[in-house]
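Got some structures for you, see below.
Paired with chain B in one complex and with chain C in the other, chain A is shared by the two complexes that follow.
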Partner chain A sequence: MTELEAGCAERLAPARDVAGLHRYRDVLIALIAFAVLASLPLFSSSKSLLDFVIRCSAYGLFATSLNLLVGYTGLTSFGHGMFFGLGAYSFGLIMQKLGVSIPVAFVATLAITAVIAAVIGAICVRLKEIYFAFVTLAFQMLIHSTILSWASFTGGDQGLRGGIPRPAFLGINLADHAHLYVASCALLILGLLAMRQIAQSPFGYTLRMIRDNAARASFLGIDVWRAKLTVFVLAALFASMGGMVMALFVSGAYPEFAYWTISGEGIFINMLGGVSTFLGPMAGTVLLLLLNDTVTRFTDYHGIVLGVVILFFALGLRKGLLDFVAEWFAHRRDAGEGR
Partner chain B sequence: MTRTRTPGISRRSTLALMGAGAMSVAAPWVARAQAKTIKIGMPTILSGRVAQLGTSSRNAVLLEVEKVNAAGGLAGRQIEMVIRDSKGQPQEAARVARELVNTDGCEWLIDGEASSGSFAVHEVARDLGVLCVHTCSEASSLTADPKQHIPNAFRCVRQGIHDSIVGGSYAAAISKAKGLKKWATCSPDYAYGRDTTGEFTLYLKRFAPDVEVISDSWPKLFQPDYTEVVTKILQAKPQALYSCLWGGDLTSWIDQANIYAMFGQMEVFAVNMADYTALTVVKNLPKGIHSGNRYIKTFPATPENAAWGDAYKAKYNEYPTNWSWQNATAVMFLAEAAKKVNSTDGKKIAEVLKGLTIKCPFGADGTVTMRGDDHTLVGYAIGWGTTIPQEPYVPEVKAGDWKTIFELEAEWKKSKGYT
Partner chain C sequence: MLQIRNLAKSFGGVKATNDVTLDFPDGSLTAVIGPNGAGKSTFFNLITGALKPDSGQVLLDGVDLAGCLPPEIVRHGIGRAFQVASIFKSLTVQETMLAAVSADQRTSAVLHKRFPLPETRDRAEHVMELLGLASKRHRTAATLSHGDQKLLDIALALVLEPKVLLLDEPTAGMGPEERWRMIDKVRELWETQKITVVFIEHDMDIVFKIAPRIVVLCYGRILATGTPDEIRNDSAVIEAYLGTEHAGAAA
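Moving on, here comes the complex of A and B:
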């Protein structure tokens, strides 16, 4: 090693330590979040609170995966809900018809989703903007129509009936509400952590570059189509996980899970929470479900209330909640430093 | 650098907020401890295109609950209904049902969900073990399929298979009398439409074997334009037509078919016509449409039924629907069961509900029964008649024969592998 190289290595060492700390910071935060969520039943006996967190897990995984497409890659999918429905149906059907263990059904569902997402994605990601949005919507409606029409297999518009069997595995019994709660929290945290790793990896920064200027990325030698297809499939896998959590929660799967309104809710959640911060969709999920659960208790006109809220975010704040908070903090810090 | 403190929430406000939060968290438990009332939860559809299902169900339940409360309540406990909108989404129906039990302290559920929502609530009832009475889902498999069976769930609803048997035998008799051999069908393209039409034609052919279905149309649910469907039927030139379109779809279809004078060219059998929601909305109701009864205050032609229909209309300024009588009957069953066991314990009520027969304005013979082996409603007034454009809309209804219904239903269950 030359003197110069030795000097560089010395300077780089603290930087590596900082990078290492940053890498483990996310894991540490995830562990703390899981510990907090998992210990919630010790402090509250409210089953509704646990139900709320389970639903947040399902929708949170779905909405955050949609943000990988919308926020990080600039692909506004109007049909992402198809993978939520696909996850719920694949998992439910495998459990009902094949009687395998839950982990096997889980992995098989992810494999099925990956194959279908790769086929659909290969067609869709060639398109841009509104064309991409509408072709994804068309595929969603195709899957929804298939579920409705193939009544002998899917149960048609009445959904998968008779409950989803939930045999115990490795001492985990998902028929038990507490076990289901902890498992949902674990899936949420693991899913978010995995998506965070994707977003912060070189691949994640490639996606941002594609979002900002796909032509430039292409000139730099990036295979834009392959990168878009990869993130499309990855996002589908996490949406499918969300669908599985929902299927376990309601012990069934229904065509509404694959309907366009689910995709609409995903977009709505992203608008509410914000797309420029990683946890924006998660914040949006909590906000939407809180609003939904509170408003429907008091009025049948919940549509008006939710409409007013989205108008407030779209016209008033002009961004999602966490985007607003992040900007406010940045502004405050800059003002504090006298910039 | 100086940093001024930005005024935040004051200590007093913080304390007030904490107090309000604690109250809102504690209130349900405090209320539950103090209440002598029994809360009954009801998830139903109160918004969207089929909101009338929920509103007319809610109206009927509240009408009956008022009577029960005035008579002293259930085993001395006043009923408090907690009714919430599920927006017609099964996941929301499941969420609302769980919330009603877990948070609001509802001891029983009246499930006013249709189709998939009822199966979602059924799973909640299975999971929580709470007494549940389904009041809107006509899907036969909900109670006929033994895989669905749970001891704490009952169905107080008419069934598609019952309607098909009665409709098939009625239509076959008219077919034979008028020589109607060429039939067409036009029903909504979803499970209810396809299953009900299939079962109707099955029993039509059983009673009149020389009948032939020469055309079938499957308009989408909530389809706005029926031109294509109507012209297809007219081109096929059938002698008779069957439809199980319902609600707004049925009325739009009739209004549009009237333009082509379709109803003068064939005998029409529309099972869901004889319901005030359809009868009073159609602009020019054709004379002579054959229909099954949904709710009509002239069938059964008893003073009790007429009085119930009038009382409902007086209170809500509209006629009841098919969903209304079913929901009212559910409350009547629960009240009678509670009276019998002098308790509101869900398990005791479920035990006594099995095979319970009660007096009811909507019974074929003045009574209805909650059949013990599959927990479903039987003995309700069921029949077919023809329409006229003004009240009473269906002046004469030919009642179905429950003995035949039971025999053929048993055969049907066997063919489906349910027994």
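Moving on, here comes the complex of A and C:
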């Protein structure tokens, strides 16, 4: 028994520093990932590969932010795509109509997203499971139809055309493909790092408690409603960031960005990649976009093929890709400990 | 001191708690017993804010908490454990404790630091030691045995350092041996932590053995209160609840 206790004490003492070390480890991984991504153009001149990475950045930010809701808090939003569309449209409109610099439009878009997400969230997060899912979906449709019907402002079903002006700032010229590529990678990595910090903060553990047992969390003195609203707004900000990357990439914004299928794709990505690990949605993003690109090349019926793949993951495996990887590691670790 | 004054709650026509007035002095240990449907759990739910009372007062050190929400009541110092262990199944024992201390220290919304915060460690450690969960700290809550899950539930209440601890059937679903171990633990906690403990229990042997004071509820009303000996020999209690077996054993 004393040996056991000694072992525990030993394990706990260095644990005081472990939390800090994890943070440095994450920053290090992020720096390496950024270095690899940013040096990609040196090894490959394929524009379609770089375009692929930019699209992964946009969707990856969106899907990972959705996982903050679905995986960490247990809030299954069917309308998260509205913030993707909102980000693309507000950014595009601000750039087109006000002619401000890109960082100003970026921050202004985040502010607009935060306000709208706070209002929608305040209504939605009180609702339980299926009601939450459907009311978020309803708000998504509301935003989508507003974009369609307010044609004089948003361009209606034609979208924001005529290109989004991309004036250079601080020596960064986003009209240049190479600059846009590096900027997208930087936004992706910074966004992921920020979301990782949220997930591993005391607040992140509050979210896990709410997911597991919201009633018990409130008996620990946690204001469940406030925590849910906070994460709803935070997730919306990162989805909006994804939308802005997309708007910069296509130099426009289209009603499809705010359509419910975007939310659906976000859910698919999470199912493919898995919600039990932080990087699951990122893996799912790469997987879905790869599938999308290859399948559309071979057949017009890509919807059927994607549907089958998703059914295979959902019904057959009942887990996402990285869930398996995580389980495999956990299994190996347990075996190593000789349990 | 926890004082309940004329507490009442009806569900439709059923008076689940009917004009209950009780005092729980600081540092007391009280068992609440009664037949099924006597309103024991409802009584706890009213005190902890899970249900809103129709009328009456819940006074903790003179502050009326009746009708407040659970988070407020918890912050005033009334902690509770549940009949069915209410835990966070995907967190480890240690994470559960650390997160609960974080909630109590009002750092559960902190975004810019990493979990766990250093200042949460000592309290979490202390309570894990106290309940004998320290050696299982890295186990996920869902993989714990039934008894350990109940202990974890109590630890969750205890780690908030409550003035009053309400335990809804701490021995529910346990085998005879496990029951005694659990109840010894409860008694030990009461003796060492100097807190007010109120627990619901069905096993009469346990109640009569460890509780200095017993409250008997029946149809939402207080049927009797008193020491084990007084309760054993109370004719109303014998008729409504105990039957003659325990009365005989007392003599």
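Please note the rule applied: the second predicted complex is superposed on the first by the 316 of 339 C-alpha atoms of A that agree within 3 Å, B and C clash if a C-alpha of one lies under 4 Å from a C-alpha of the other, contacts with A are read in each partner's own complex, and residues count from 1 in each chain.
Just so we're on the same page, a residue touches a chain if its C-beta (ideal position, glycine included) is under 8 Å from a C-beta of that chain, and two chains touch if they have at least 3 such contacts.
All of these numbers come straight from a predicted model, not from anything done at the bench.
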item	value
Touching partner for A:309 - first (chain B), second (chain C), both, neither	neither
Partner chain in contact with A:216 - chain B first, chain C second, else both or neither	second
Partner chain(s) touched by A:48 [first = chain B, second = chain C, both, neither]	first
Partner chain(s) touched by A:230 [first = chain B, second = chain C, both, neither]	second
Touched partner set for A:40, first chain B, second chain C, both or neither	neither
Which of chain B and chain C A:325 touches, first, second, both or neither	neither
Which superposed partner A:204 touches (first chain B, second chain C, both, neither)	second
Which superposed partner A:291 touches (first chain B, second chain C, both, neither)	neither
Chain C residues within the chain A interface of the complex	48, 50, 69-71, 74-75, 79-80, 82, 86-91, 95, 98-100, 102-104, 107-118, 121, 125, 134-135, 137, 156-157, 160
Of chain A, residues touching chain B in the complex	46-48, 51, 55, 148, 151, 155-159, 161-163, 177, 246, 249-252, 254-257, 293, 296-297, 300-303, 336-338
Touch list for chain A against partner chain C, complex	4-5, 8, 12, 15-16, 19-20, 22-23, 197-198, 200-206, 208-209, 211-213, 215-223, 226-227, 230
Residues of chain B that touch chain A when the two form their complex	1, 3, 46-47, 84-85, 87, 89-91, 94-96, 98-99, 102-103, 115-116, 119-120, 123, 126-127, 139, 141, 145, 147-148, 190-192, 194
